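Let me give you the structure first, and then I'll get to my questions.
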Amino acid sequence: MRIHFLNPNSSQSTTDAMITSLDQIRDRIPAELVCATLEEGPPGIERQAHVDALPFPVLERLRATPAEAHVISCFSDPGLHLCREELEVPVIGIAEAAYLEAVQLGRRFGVVSIGRASFGRHLRQIRQLGVESFLAADRALEIPVVQMNEAERVIARIVEVGTELRDRDGAGSLILGCASMGVYRPEIEARLGLPVIDPVQAAAIRAAALLALRYPRLS
Amino acid sequence: MRIHFLNPNSSQSTTDAMITSLDQIRDRIPAELVCATLEEGPPGIERQAHVDALPFPVLERLRATPAEAHVISCFSDPGLHLCREELEVPVIGIAEAAYLEAVQLGRRFGVVSIGRASFGRHLRQIRQLGVESFLAADRALEIPVVQMNEAERVIARIVEVGTELRDRDGAGSLILGCASMGVYRPEIEARLGLPVIDPVQAAAIRAAALLALRYPRLS
Amino acid sequence: MRIHFLNPNSSQSTTDAMITSLDQIRDRIPAELVCATLEEGPPGIERQAHVDALPFPVLERLRATPAEAHVISCFSDPGLHLCREELEVPVIGIAEAAYLEAVQLGRRFGVVSIGRASFGRHLRQIRQLGVESFLAADRALEIPVVQMNEAERVIARIVEVGTELRDRDGAGSLILGCASMGVYRPEIEARLGLPVIDPVQAAAIRAAALLALRYPRLS
Amino acid sequence: MRIHFLNPNSSQSTTDAMITSLDQIRDRIPAELVCATLEEGPPGIERQAHVDALPFPVLERLRATPAEAHVISCFSDPGLHLCREELEVPVIGIAEAAYLEAVQLGRRFGVVSIGRASFGRHLRQIRQLGVESFLAADRALEIPVVQMNEAERVIARIVEVGTELRDRDGAGSLILGCASMGVYRPEIEARLGLPVIDPVQAAAIRAAALLALRYPRLS
Amino acid sequence: MRIHFLNPNSSQSTTDAMITSLDQIRDRIPAELVCATLEEGPPGIERQAHVDALPFPVLERLRATPAEAHVISCFSDPGLHLCREELEVPVIGIAEAAYLEAVQLGRRFGVVSIGRASFGRHLRQIRQLGVESFLAADRALEIPVVQMNEAERVIARIVEVGTELRDRDGAGSLILGCASMGVYRPEIEARLGLPVIDPVQAAAIRAAALLALRYPRLS
Amino acid sequence: MRIHFLNPNSSQSTTDAMITSLDQIRDRIPAELVCATLEEGPPGIERQAHVDALPFPVLERLRATPAEAHVISCFSDPGLHLCREELEVPVIGIAEAAYLEAVQLGRRFGVVSIGRASFGRHLRQIRQLGVESFLAADRALEIPVVQMNEAERVIARIVEVGTELRDRDGAGSLILGCASMGVYRPEIEARLGLPVIDPVQAAAIRAAALLALRYPRLS
């Protein structure tokens, strides 16, 4: 069995980060976890125009890729409802999977966002899932893009923001609001003493669950 | 000043119904209310594939149409967030406007849907707006398409469903879940004794409000 | 058509502030906006005894004033339910209108109150409307009355409180919790980068909406 | 110590019913429970005009009546907030007390109302208290006034409505939505197998609690 | 890796039903799924006295059983919080797992209970998890125990109750409120057209997820 | 009539503190308030293992103690549901009573906890009661045990934490999250200007209410 993770932006570095993150859990998922890049996607997915351009390219790629389940690996879940409606196999969005994983932990969660611009989009999706009462707060890293490659700086800033989420906002878990930060998960958990949710890993888990449960197709 | 209503499906009959509905309130809106049809749209908007094909055609059309505000006149609000982000003037979706108008009335609302298939999409949007506690229930007409032109049958069926929403589910107002039923509003209100919300009219009202209030552009 | 705004306190300066605030939107409301003072009202409305003395004087005055809609222009909405029940035309309270306008914006709102003493009354009304989940926080200016006429000091203090509401409490919009602060709206919006809701303007908008929609009278 | 119950309508029969209801619990309240009628009140309290005429007469009477706590004994709680603000001793409204007693039982409650006209007022108060999630449903007796004296008919109708609230709406307790039905409480509890809350008794309990707890005065 | 399911009642027939239910998903869980019976448990777990007698016997048995994760396989989740606090490996309760699986499906869920007596306990746990807004309704089979072995009767009754939950209460999924009904899942799903959640399977899924995610131990 | 308070830990100092706290209200409760210590209990109740060891010892002791109502006087409410099910007379848990007393006050409440470790357990119980929307925040004293006997230090620290709850978190009342802090209530109320809830007193009030209301036994 195969679970296919499609990074809908064209950055190979994001896909590489997904692969590294999945390496942490690969031995305990009874399926092959395959990652791919949507080369025709935009380099980053920041505006609604990026999101709304993606449903059909994503659908087409998923349709062309043999897999028992698909994961759309971008924290905006572009094309999720379209692909669910058109494909026979389960389709997971990483943001939806991360929020619902946080609910499973029973605590209020904090979101570590790249920038403040995504707060509105996050709140809309959290409400859409019906789990707003679990949201402690959403706080942004606001790191200059050029420093996103310096792991130590990024981790230090995530820990700083995570500390605020934990101590001021009462967060009992953290969600990393991006497909490429899972690699830092173990270190952040160790430093903050909180469970940290990588959305790519959460989606892998949810895909495996749906493969096992074999629900009839939801209209 | 002009408010532009775009029917994103290609059916002129829907556009005509919008015009008739707006005739009920036109004298009390301080703007010209202009309706148009997106000829390249699908004949009806039922599947997610219809919705997801529309953002850019809708955006392009809105951009090309001089107006102080735009209304996307389909109960799935296709392209709403894209157009809001890309255009300088206010953009309204008729479903969002209808749900929020119902909240203003202070009562739980019932939704009169064409078919059961849209229940999931409606619930997602109601939750996204944060107003699920105002939803009494969503019930479907399930009328064969061929009878949708027989006004008497349609009204009789809406009254039947509305009675259930009022008496069994505790609805204190009704939302007509489609862009083409506003023409029946006065008769349904008279028969049921409840305020009835036509989403096209609700959007006209909201557009006029935003024109008056002149908020700074929301990012 | 005429919308009648009654300031139920006897301070002409409040009525003047309402007029100035309405001047910002007057050109876009298809009705004459007329403001009046209830001379027999108290100079200010701070205690419940002030609020509870007003329903019948307000009703009598509204009844005697020809208008297609009435606005009770005090943030305690005195006499609102009585006037709604007794009069044939729509009656709006400015606090109710402001809270519901904030909900339309989809974000959590902050309330800028004159003093802490009104927190309890505000929370009761916000809950009564069913929209407590949209409340970010209520914070007070606590400005000595003598300084309320020094515009610069007032604006500076509103900006200070608004900054806390935005950055600490996560407010995405602000409500000015008084009938006389609308005049500062443009400057506050510019300095804080948030939509700011003046309750008098919000009520004008809502009155115009109800005039257009012509609901059957709600019992 | 004395708890003073003021029936703000002028019907001695209501006051008599209150006395009979309080007889059920009198031996277990460490205070004298004294009932009085506001002779200048209206014969019944049905419209907002009745409610809004009462705050000052009620306040005056309470002020003139020596007691360690006062109960306003009408399911519309007229004058509650005024009396709380003006008097040094605790003041209880029977509706507020009944709703909060129901919350203490941990189950969803059903409201047995006299007529449908009060549904809106009830929902506003339930929301104001922040306990809407405990409301199963509000259903009305709609008994012709002339039959309200025929105990057997009234009980039979309450049981009928209570059965619907229990079996269709999932109510785990019932609130009798009027000051004069407490006398039927034991029989209704026996027939329905649910705890039944008489608002007059609930207010007595709450008054006794506040006398014991001696909170500092809440502003 | 091994996931150990402990049936804390002494009925081998329940354990057998669990085994049959797990057979449906065993091929897609990357762990050995081992079921055992707590012979010293009560024959059935119906009263709080049964539940409260179990924490230490369950803990002792789990401690003595080598496994990478444990499932307490009774819809009352007896001993769950104790075992979580005392053991190093993940411990899952089947009721908690079922409710949270339902939340993942995004729809309101209906609960199919054995008898009405468990409604209160279910509501308490659903609220404790913070997901009461997802509950459509809880309805009971009320089948005489002697008929619980006649599969056809049981299925027919579940379908009857499930139809009510779906059509009257608006449930979009069903939870089977007992450890021994999973064997009927495929047939019930086929007849009702809704996803059906067997709590034992849901717990297996959750255990596998926690094994993969390897959170630091939650205090 | 007698209300029996059982301290389920073995520390006589806790029982003494309960007695002193009850002295504040004893004259206004129409029952004898008797406090006892469960000598076989643990010295303190901190872990779930302490809580889960208590239901049957507590039940046995309550059963052996003649009283018209029982209070389990530990903020973890050990054995509450068991004792309710098994005994004919009302049984109260002090934590449940405190949370519901706070709801009666109509404001958001803050919890003053001994240590952070109890936050999770508190949140679970607050949710279970359905009143999470009333929780402002839970903050911990984190005082070294050795200093818990120095009244001045303890009061100073409670005031410090209470100030944060009031000013940063918006708490309108405080709950003392332990059976032994009621003795400080008057001083804390005076310093903070907020109503302060001692759970032991709140339970006494609730027991007296149930004795008066004589509900039929809830299954």
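By letter and in written order, the chains are A, B, C, D, E and F; residue numbering begins at 1 in each of them.
In the analysis below, contacts are C-beta pairs under 8 Å (C-beta built on N, C-alpha and C of every residue); 3 or more make two chains touch, one makes a residue touch a chain.
In this text the structure is predicted, and so the values were computed from the model without any measurement.
Looking at chain A and chain F, the chains that touch each of them are C, E. When the partners of chain D are compared with those of chain F, the chains appearing in both lists are C, E. Between chain C and chain F the centroid-to-centroid distance comes to 42 Å (mean Cα coordinates, whole Å). Centre to centre, using the average C-alpha position, chain A and chain E are separated by 29 Å. Look at where the CA atoms of chain E average out and do the same for chain F: the two points lie 33 Å apart. Distance between chain centres (mean CA atoms), chain B to chain F: 52 Å. In chain F, the positions touching at least two other chains are 106, 120, 124, 129-130, 132-133.
Looking at the complex, you find that chain E touches chain A at residues 1, 24-25, 28-30, 100, 103-106, 129-131, 133-134, 189-190, 193, 195, 201-202, 204-206, 208-209, 211-216, 218. Per the touch definition, chain E reaches chain D in the complex via residues 119-120, 123-124, 132, 137-138. Residues 106-107, 133, 170, 172 of chain C touch chain A in their complex. Interface residues of chain B, counted against chain A in their complex, comprise 47-49, 51-53, 55-56, 79, 81-82, 84-86, 117, 120-121, 124-125, 127-130, 132, 219.
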